[in-house]
Amino acid sequence: MSQLNPIAAPFTTAPVDWNAIRADFPLIAGHDLIYFDNAASSQKPKVLLEAMENMVTTSYANVHRGVHRLSQQATDQYEAARKTVAKFINAADEAEVVFTGGTTDSINTLAFSFGEAHIQPGDEILLSGMEHHANIVPWQLMAERKGAHIKVIPVLENGSLDLEALDALMGPKTKLLSLVWVSNSLGTVNPIPYLIQKAHAYGIPVMVDAAQAAPHMPIDVQAIDCDFLAFSAHKMCGPTGLGVLYGKRHLFEPLPPYRGGGDMIDRVRFEKTTFQGLPFRFEAGTPHILGAVAFASVLSYLSNIGMQQIEARERQLSNSFRQQLQLNFPEVNAIGTAADSVSVVSFLVQGRHPMDVGVLLDNQNIAVRTGHHCCQPLMERFGIPGTVRASLAFYNTEEEIERFFVALRKTIQLLR
Amino acid sequence: MSQLNPIAAPFTTAPVDWNAIRADFPLIAGHDLIYFDNAASSQKPKVLLEAMENMVTTSYANVHRGVHRLSQQATDQYEAARKTVAKFINAADEAEVVFTGGTTDSINTLAFSFGEAHIQPGDEILLSGMEHHANIVPWQLMAERKGAHIKVIPVLENGSLDLEALDALMGPKTKLLSLVWVSNSLGTVNPIPYLIQKAHAYGIPVMVDAAQAAPHMPIDVQAIDCDFLAFSAHKMCGPTGLGVLYGKRHLFEPLPPYRGGGDMIDRVRFEKTTFQGLPFRFEAGTPHILGAVAFASVLSYLSNIGMQQIEARERQLSNSFRQQLQLNFPEVNAIGTAADSVSVVSFLVQGRHPMDVGVLLDNQNIAVRTGHHCCQPLMERFGIPGTVRASLAFYNTEEEIERFFVALRKTIQLLR
Amino acid sequence: MNSSIDETVEQLEADFAMFDSWEEKYEYVMDLGRNLNWPDHLEQREDLLIQGCQSKVWLDHEMQENKIIFYAASEALIVKGLVAMLLNIYSNRSPEEILRLQPDFLDRIGLSQHLSPTRSNGLHSMLATIKRIALAYYTG
Amino acid sequence: MNSSIDETVEQLEADFAMFDSWEEKYEYVMDLGRNLNWPDHLEQREDLLIQGCQSKVWLDHEMQENKIIFYAASEALIVKGLVAMLLNIYSNRSPEEILRLQPDFLDRIGLSQHLSPTRSNGLHSMLATIKRIALAYYTG
């Protein structure tokens, strides 16, 4: 269990039957495949399909504007989904939860709206050297429009952040710190509560990229005191095309809208249009109704297992993976060896291109990801073209890890 | 069949069994409800659920970046979906088809990117007085940033565009015409090929809001020669959270990206990032994979019925509705009586508020929409607070229309 | 002398219990609506407007001898009727009475769907505004 | 004297038909990769780089007596092997020969998945570039 979530839901004591849980995932249960590509996207439980089917069969309609019952039922379900998400991350107010198209869309929304409201020429946005492109490019696009600059917290050799560099990087020009919680390419868990506290001491608001945190640990936005937080449903057993942007009301609501259209307006005139408050201000147009409702079912499913249990399980699996790799494969270098990590293990076979390793593992029915993992600056920092990345979910098993190592041994032999 | 689609697929002669088709829609088949709110969102056929289930069960993974087979299969299916859409609208090249979150997202994407590339202070964007908020607010937001102006083609009393005003509204300052094809509040089918020709004569590119056209008629982007076109999957029996932005390559590809993130980049460095070409340039982050793949199944389903058949059926149903309403309800005023219309019939019961009509119809198990239909400027033009809108789909029937009129009669009596 | 807020609610529930059909229920609500009157100034004042996407509601109030008198107007007949019903209950009451009443009677008379926050007809906002005003007087 | 483009493809298909397992197939491809050599300048020239998301491929060419000689480099061994295989087939051929050959032999040897446009390993782009160059010479 992570020390980073001091205020977490009470620990459920009943042991989880992880093998029974595997059966909830049709693709996992029905295939001989070892799926270690969960950081890219996770597999889907049956409840996701059932929730969609249920809505399509009984209560589908567009939301928010209808006087008829179907529309009312759909609206109730959609708004109940917002509540479920708010509860899942312990938001103070469900209006602080905005549905988006995914983490990328969430960060672009914030970068645009925050930029329009607050960024002047010469201002700075602070990122880190281990950000996913989704937490780099939106800020670059905005900074270029506004004449602002991007500053970068360096990454140490072990794949953790250089915390000693912080004070020199934060100052009156720093308008926002946007930071990944769990690195998708290294697995590093950054000390987010500490970093937020630090930034707040300088009066700097913090946006957290929780794309790889939300699937693996309990999230409590009030406990960590982040100002904004983004994540994707599809990486946590949920539907594609759906994400969340959380923001503290007093910071979020005054921002100008990113997208214009139906539902987010108060009054439209050709001369002057006025906008709604949270959350509708940031949900222009017909939202991903089926996605949100199905995601709520998935979150209930995950909460039922227990996010602490999931975290404990995934830390155990990835630690075990990491240890066996180090112990038995001297010809392998782990990339990212920070003390605190979860789910992801990245490595290189010495002198071998990651893609060759990936292709030969694939021929043995093992799905890993190879390449830069949308973190080119991080790869450049380590001077490598990419890594082989195994990312584990709670439905993976120790037996799969064993089978993986047999396949890795064979792969290395073939590559000799 | 519309005279506006000169180049349409050959007419399928086998008669369609519309009652059998009703059975494909679980919510329609299983309920006593009369669903006349299709312009807000349409009901979903079983093939949509089956396609999602199939992918989740056999071949779900993230797309584009994986060397493993699952990712490859998912990518193939996702890219095949793009091809299916391209074929459905007869795009010259599937790379011209970009998946978005919906029509609203499509138009916001274009408004931003086009604005960044081409709009100078004093420039003009030409819209019409019958636009949906989704085709007003994005242009307003952009125009405000850029110091540009919105011009508006007036709407005539019968709900058609004032074509005689066109020449006075188009000039060297006009940088784009963005126009709805079929009005969601009136049903008016605008003479899009004529309007595009006219704008092109002035060198003005045209964006078509086809949110209400794509569900009801064959679309051929090359035949109408539009430069950009937007529509939503959820209004044409497809999934929520998915839309399309089509653009001619030579106009679309040079535009700067709207969202930044994974997949849309060529090379990310903190100093300088370079971007991909079409379509990835405009698809940052993990796309709505399940939605796109399911939409392709739905489009095949619709194409199997035949878009001409669907258009003929829906024109027949809505014309019959319109005629009976005029004949039998002297106390009712139709709003929008343009010669060419499809699916939508909007009306007011004299002296009665549309919401009262809607609530009493709802109590008789009839779903219509009431209000401004996200077209406040149009409602102001007619000096009305809104309308009662019945919007019909091919799975509706003449019997439902009859039952509707019985219920309307009773509603009017209750409101006496 | 007015009946108390609880008595008024009980009476309302009793009236609704007698209706056998939705038609009777809505006839009753619409009759209330037809008889709703309001001061002329209401519809002129933008600041009194509670905007709903579907219909407009205007709300004003004054304090008389520790009782809040509410005035409200609306466009749509059914909303007018529901507004009148809410005024019967909430107008001419002390802030304490207003704050004490649980709004679950709306469930019991089967009209709560019109007052849900996701219905954008202005009624939910009207009720919220009534309570905010009462709270402001109460906390002084 | 070289064998013709068709003979080379036939020989390749014959070789692959003999393999019983995926291991043998990939051993063969990797051996081709290990033996691939290229001029030093290739990896220095950004303009010769065919960027794939997964691995880089560089491609250069020159014309000699109506035959196009291709040179290519890559980083990953399997891609190198596939590059070598493509060079065996396409290098030192006339533009006509290059344009005439249908690339469906890749399906028949069971490696076409590496050359699909949705694989971002540079091979699909390499093949497309080879054909573009041939077409440019062909049409003059």
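Going in written order, the chains are labelled A, B, C and D, and every chain counts its residues from 1.
FYI, a residue touches a chain if its C-beta (ideal position, glycine included) is under 8 Å from a C-beta of that chain, and two chains touch if they have at least 3 such contacts.
All values reported here derive from a predicted model rather than from experimental measurement.
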{"item": "Taking each chain's C-alpha mean as its centre, the one farthest from chain A", "value": "C"}
{"item": "Centroid distance [mean C-alpha coordinates] between chain D and chain A, Å", "value": "39"}
{"item": "Interchain centroid distance [CA atoms averaged], chain C/chain D, Å", "value": "78"}
{"item": "Centre-to-centre distance between chain C and chain A (centres being mean Cα positions), rounded to whole Å", "value": "45"}
{"item": "Whole-Å gap between the CA centroids of chain A and chain B", "value": "32"}
{"item": "Set of chain A residues in contact with two or more other chains", "value": "65, 67, 69, 267, 355, 359, 370-371"}
{"item": "Per-residue overlap in chain C, given as positions that touch at least 2 other chains", "value": "53-54, 121"}
{"item": "Chain pairs in mutual contact under the definition given at the outset", "value": "A-B, A-C, A-D, B-C, B-D"}
{"item": "Chain A residues within the chain D interface of the complex", "value": "352-356, 359-360, 363, 370-372, 385-386, 414-415"}
{"item": "Contact footprint of chain A on chain D as seen in their complex", "value": "22-23, 26-27, 30, 53-56, 75-79, 114, 121"}
{"item": "Chain B residues touching chain A - in the complex, by the definition given at the top", "value": "26-27, 30, 33, 35, 37, 40-41, 43-44, 48-49, 52-53, 56-62, 65-71, 101-105, 107-108, 111, 116, 132-134, 136-138, 140-141, 145, 150, 152, 232, 234, 239-242, 256-265, 267-270, 273, 284-291, 355, 358-359, 361-362, 366-371, 374, 376-377, 380"}
{"item": "Chain B residues touching chain D - in the complex, by the definition given at the top", "value": "63-65, 67, 69, 72, 75-76, 79, 266-267"}
{"item": "Chain D residues touching chain B - in the complex, by the definition given at the top", "value": "51, 53-54, 113, 116-121"}
